[in-house]
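Heads up, the next two complexes both have chain A, just with different partners, chain B and then chain C.
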Partner chain A sequence: MRHSTFFWFFLPTAAAMILFIALPIVSVVFQSIYAPHPAVLVEVETCTPLVGCTTETAVDQDATRQLRESQPLGRFVGLDIFLDRGHLATGEMGEAWVDTDSWGAFFNRLSNLPFYRAMGFTLTFIIFVTPFVILLGLLIALAVNALHQSLRGLAIFFSLLPFVVTPIIGGLVLYWMIDSRGILGKAIQWLVADPDLSLKASTGLMWIALIVWGIWHAAPFAFVIFYAGLQTLPKDQIEAAQIDGATRFQQVRYVIVPHLLPLITFVTLIQLMDNFKVFEPIIAFQAAAHAQSLSYFIYNDLQGETRQLSSAASTSVLTILGVAILLSPVLVRTWRDFKGKM
Partner chain B sequence: MASFVQKRPIGLKLTIYIFAGLWLLMAAFPFFWTVWGSFKVELDFFSIADWTYALTGDRTRAEYGSAFTGAGYEGAWVQEEFWRNVINTFIICFFVVCTSLTIGTLGAYALSRSSYRYTFFLLITALIFRAMPPITLVTGYMLPFFEWNLWGRLSTTIIVLVAINQPFTLWMLHSFFQSIPKELDESAKVDGCSQFQAFWNVIIPVMWPGVITTGLFSFLLAYNDFIVTAMLLSEENRTMVPQIAAFLGTTYTEGNVMFAVASVVSAMVPVFILVMLFQRQIVSGLTAGAVKG
Partner chain C sequence: MFLKKVALISAIAVMTGSAATACEISARVSIVGNEFPAIQTVGAGAQECSGAEVSTNLTKDHQSINVPGMQGNPAEYTSAIVANSSIVALMNEDVIRPLDDLVAKHGKDLQSSQLIKIDGKVMAVAFMANAQHLMYRSDVLDQIGVEPPSTYEDMLAAAQMIRDQGIMDNPIGGAYASGWNLAQEFNNMFLGYGGSHFKAGTAEPSVNNAAGVQTLEMMKSLSAYMNPDFLTHDSNATNAEYRAGNIALLNMWGSRAASQTTADGVTDAVKNGHAIAGPMTVGGGSAPASTLWWDGWTVAKNISDEEAEATFIALVNAIRPSKMEDEAIRTQAVWLIDGYQPTDAAIGVFEAAKMGTTPYPMLPYMGLLHSALGNELSDFMQGKESAEQALADVEAAYVAAAKEKGFLN
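And then the complex of A and B:
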């Protein structure tokens, strides 16, 4: 295809992506290093006879407007917002480093800082959800593949539901069941014989519930991918393994898993990207008091009357850096493969 | 085929069926429980006094005279005017799907038919864009949208949703286009078609399954979105999902949790129907990306 033809075909989608993905990223970077101008204050001395003179501080509207017009981006603050208490908190970190004498105490101090708490939850979520999703997806795929032909379609239909249904709705549906008033919540209270056990009161339980939601939501995706992979498994390989006397576990370990390996890599990549964005269950579970992800942290800044755009922008930049770090090994590998092919 | 080695011992077979059954219960039971419970009153839906009330509908009968009631639905649809949000959702989904597919097929077709190096870089850039958490992009929209008075409108949200989902759409359509032999458009061009005519008259007619599958996923992405619609729509333009989230704030305090439950069930229904009708396409769409790796 000629360059000019390619250009015209690709123009609309490129325009959409540049305008609404690339430029916003630039805008976020700018917003993170510029803070809005504070109002210009003037001291006005008013003297009334008999009472005397009082000085009042008032907003100088004209000066404020003039300042905002002359520097529409705002006040340049450099990395100040990045380093403040709500973000990287370098000052507090340094203090904690000096004050504490063990790693445990240091991390404890760190976990009181909101940004690190959000990052801690996001990373925990990724670390637990990703492997469990792959394991559970693989087990379900093997099990459904072994079901009677007539049951498979139905099994796939029901399996797809947690993945396809709106994440917030899936989250609410689960939350209403495992809440302390819900049927599962009551059952758990009865099982451990503790009537006061409640999701809302315990950070640990809330984290577990969110991770369970993550696995429940994404396992169907892994299942569908692996199930499709199982359909292309060459019969002769399995038969050869059987003739060689491989046990069922050995067949899975040495024939099926290697065959599915590219798919496992693919699911891992998608899972890493998606779990890094984790957000919806925190809304559905009303978990913000116990667990905030990076996405929720930004959402919280953008919410309400006082939209803290600069703060949200700084967290966004840090999140984008996180995505870059997360993706870099994949990108390096793809680049090597690509160079190899050339 | 059925050699004796391949036959599963009865114990293993039983384990497999029990495991599959347990998983299906885990996957589907919460939804059915909520659908069932949405026709009850709050005291029955939640196991406050006695969990068996959820089955017998004791409190519901005491309040409404029968074990099932549509009070939650009436409250959500009539009193809270949930139908407005339903209409907004379908307007947004319709236009997102149409626009996504139009610009997506053009772009993905070009990517799959060009043999130059830049196609690789464009695809990788799209992958990086796909990894961006949407909330970081929304942060970037806020200031300019307020400044230019674009905030709160359905049209703005439609364009934003199209753009945010474009990387995904491109990848999926690209893998479908790759599976159509290039000889097809070459022979069309030999017969005197321009590139666009070859695309429109020859390739698109055989691409329908891929287009439908991708359209289905664009629909789901727009339908399921919370972040963009919650942050960029004004109150009167709200779609279903942010409205449900707003219900959570207001109805918990007013004791109208059942409104939220009823609207959740209402919003689930279209997805259920889609999965039922298009199960095959959803599965093929999910695997289309994976085959390419």
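And then the complex of A and C:
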């Protein structure tokens, strides 16, 4: 392709990428290194019903407006917000390192800091959800593929449902089912013979519920990809394996899985990204007391009466970095494969 | 007969009401606010006006959308219905306008006590007062033979008796959902123990002290008598427990007192046994462990003067004194409107005011402390860390946020 042809061909994509990906990232980075101006506070008389007039502290609007107009970006804080207690908490981490004399005590102190606690949950979530999604997706794909042609449509439809349901709705359904008066909650109480057991009151059980939701929700995604992949599997390869006396397991292990490997890599990539940003189940399960994630922090910073834009922006930058680190091994491998083919 | 009378009176009220409603406006009105019954009434009252469109967005997520919805120019919302906590966010961002000229022009029906004045300027018009106070099942308390508790210590004793006698497993309810609700319960109890959230005259937090520890210990003791899922129960979920007859004692918002027995699925036992009383004290203190609130409306700054005037007229119309003739509306809240005769559902809030309940602090940085409390206290409530550690975490989280927002250096 000539360079100019390529340029014009690629221009719309490049423009869209700059507009929707590059510029927002630049904006988020800027917002994370600037913070609001120091508040100018004044004492004012405030009169309210049933109480009368009292002297209260308020923000001086005129002075604040002048500050904002002279420096619209706010005050430059560099990496201060990244390093504060709500984010990387380097100061607190240093103190914990000095104060503690064993790894256990150090990690205990670390788990009291929001960022590291969120990382603890997020990584656990990724470690359990990603492989189970791939395994379950593969099993469903193999099962559906083995069905008679006339049943496949129906089976695909039902297998896809968890993925079609809006994540937060699916989460709410499960939330009410695991309530101590819900069908699953009651069933579990009966199974372990403990009538006071409550999934929502126990961090461990809540994590399990969240992980189960994660697998339930994403398995159909893996299934659809693998099912599509199975349709491209050459028949003669399977037949050759059968003639060689391969068992059903050996056929899967040595023929089907290698054939699907690029797709497995793809699903792993998407899952790593998605699971790192785990958010909907935490809201749906009202699980913030037990489990938090970086996305939950961003949501928490931006909602309510106190909007902490700089804090939310810093967490967003950390999320981008986190995704990049998580994906780096897979990306490096893909790059090597690509180089190998050249 | 009684019902007939009520129906007749309300019919007359509606007729006189509609006859008196010559509410004409000439520009758009758009209102954002919370969703409880009294605010629904105010929203509907504003929509009675004709001449231009009046739209409302009444949702429990109003706090997240009112500032962004009023920062644009022109603003999406011409009015936000707020309380003493949420007006601070609007003041901090400078998105609401002083109302003195409009009060002079159209406010003859407003009482001076309704006007929220900040630095001499009217910034909001209050229409109702609110406070959390005791609600209880009189039948259950009769059964165990105790008076309604006036202190949290009595509440614990009553709960133990209810449990011992096998009436209910978890007799106490509370909006202890991790986040805003849990923090609000902390605020109540903390003020009851005589605490003060900040070092006087500064934005430095002061919750990690004896009052803070006592507060958390009392909350922990109460939670032992609550449904084990209490960290997921907000006001709505707590009320659902109450209506289902699962709990007998709770500290609940006065604005929800009237609807407590009228919702779908309330059992007869709850309907007949429902009773309310003033807020409780704690630890031998004299100030109730509760906060006093007002709800009122504001007018946006970034809108045309015509829209501001239309908004003001429509909202004055919504809270006109003739509304107080309607029994159903009167029971919805403790109205601050001229001509309001308190109903039985108002006892709790009036008691709260009489007992000198502290108003919720209207400070620019209170919201940051509230959200730090909401995030950091659940570990203690689950028994994962000590009260001192939890309070130290709260202060550290607040200080980080206050530094970012420029309240602390």
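Criterion: the second predicted complex is superposed on the first by the 281 of 342 C-alpha atoms of A that agree within 3 Å, B and C clash if a C-alpha of one lies under 4 Å from a C-alpha of the other, contacts with A are read in each partner's own complex, and residues count from 1 in each chain.
One rule holds for everything that comes next: contacts are C-beta pairs under 8 Å (C-beta built on N, C-alpha and C of every residue); 3 or more make two chains touch, one makes a residue touch a chain.
A quick note: this is a predicted structure, and the numbers were derived from the prediction, not measured.
Contacts of A:R307 after superposition: both chain B and chain C are touched. When the two structures are aligned on the shared chain, A:Q286 is found in touch with chain B and with chain C. Within the superposed three-chain model, A:V44 lies in touch with chain C and out of touch with chain B [touch as defined at top].
In the superposed model, A:V164 makes contact with chain B only, not with chain C.
In the overlay built on the shared chain, the residue A:K200 is in contact with chain C alone; chain B does not reach it. Of the two partner chains, chain B is the only one that A:T5 touches; chain C does not reach it.
In the superposed pair of complexes, A:L294 makes contact with chain B only, with no contact to chain C. Of the two partner chains placed around the shared chain by superposition, chain B is the only one that A:P220 touches, whereas chain C remains out of contact. Within the superposed three-chain model, A:M177 lies in touch with chain B and out of touch with chain C [touch as defined at top]. Common to the chain B and chain C contact sets on chain A are residues 179, 286, 302, 307. Interface residues of chain A, counted against chain B in their complex, comprise 1, 3, 5-6, 9-10, 12-14, 16-17, 19-28, 31, 136, 139-140, 142-144, 146-147, 153, 155-162, 164-170, 172-174, 176-177, 179, 181-183, 185-187, 216, 220-221, 224-225, 228-229, 242-243, 248, 262-263, 265-267, 273, 276-277, 279-280, 283, 286, 294-295, 298-299, 302, 307, 309, 312-313, 316, 319-320, 323, 326-327, 331, 334, 338.
Residues 61, 63-64, 67, 84-86, 88-89, 91-92, 94, 113-120, 126, 129, 177-180, 201, 203, 227-232, 292, 294, 336, 353, 359, 362-365, 367-368, 370-371, 375, 378-379, 381-382, 384-385, 389, 393, 396-397, 399-401, 403-407, 409 of chain C touch chain A in their complex. Chain A makes touch with chain C in their complex at residues 35-39, 41-42, 44-51, 53, 56-59, 61, 64-65, 75, 77, 80-81, 84-86, 92, 112, 114, 179-180, 196, 198, 200-201, 203, 286, 288-289, 300, 302-308, 310-311. For chain B in complex with chain A, the residues that touch the partner chain are 5-6, 8, 12-13, 16-17, 19-20, 23-24, 26-28, 30-31, 33-34, 37, 45-48, 51, 54, 102-104, 106-107, 109-111, 113-116, 120, 122, 124, 126-144, 159-160, 162-164, 166-167, 170, 195-196, 199, 220, 223-224, 226-227, 231, 241, 244-245, 248, 260-261, 264, 267-268, 271-272, 274-276, 279, 282-283, 286-287, 289-290, 293.
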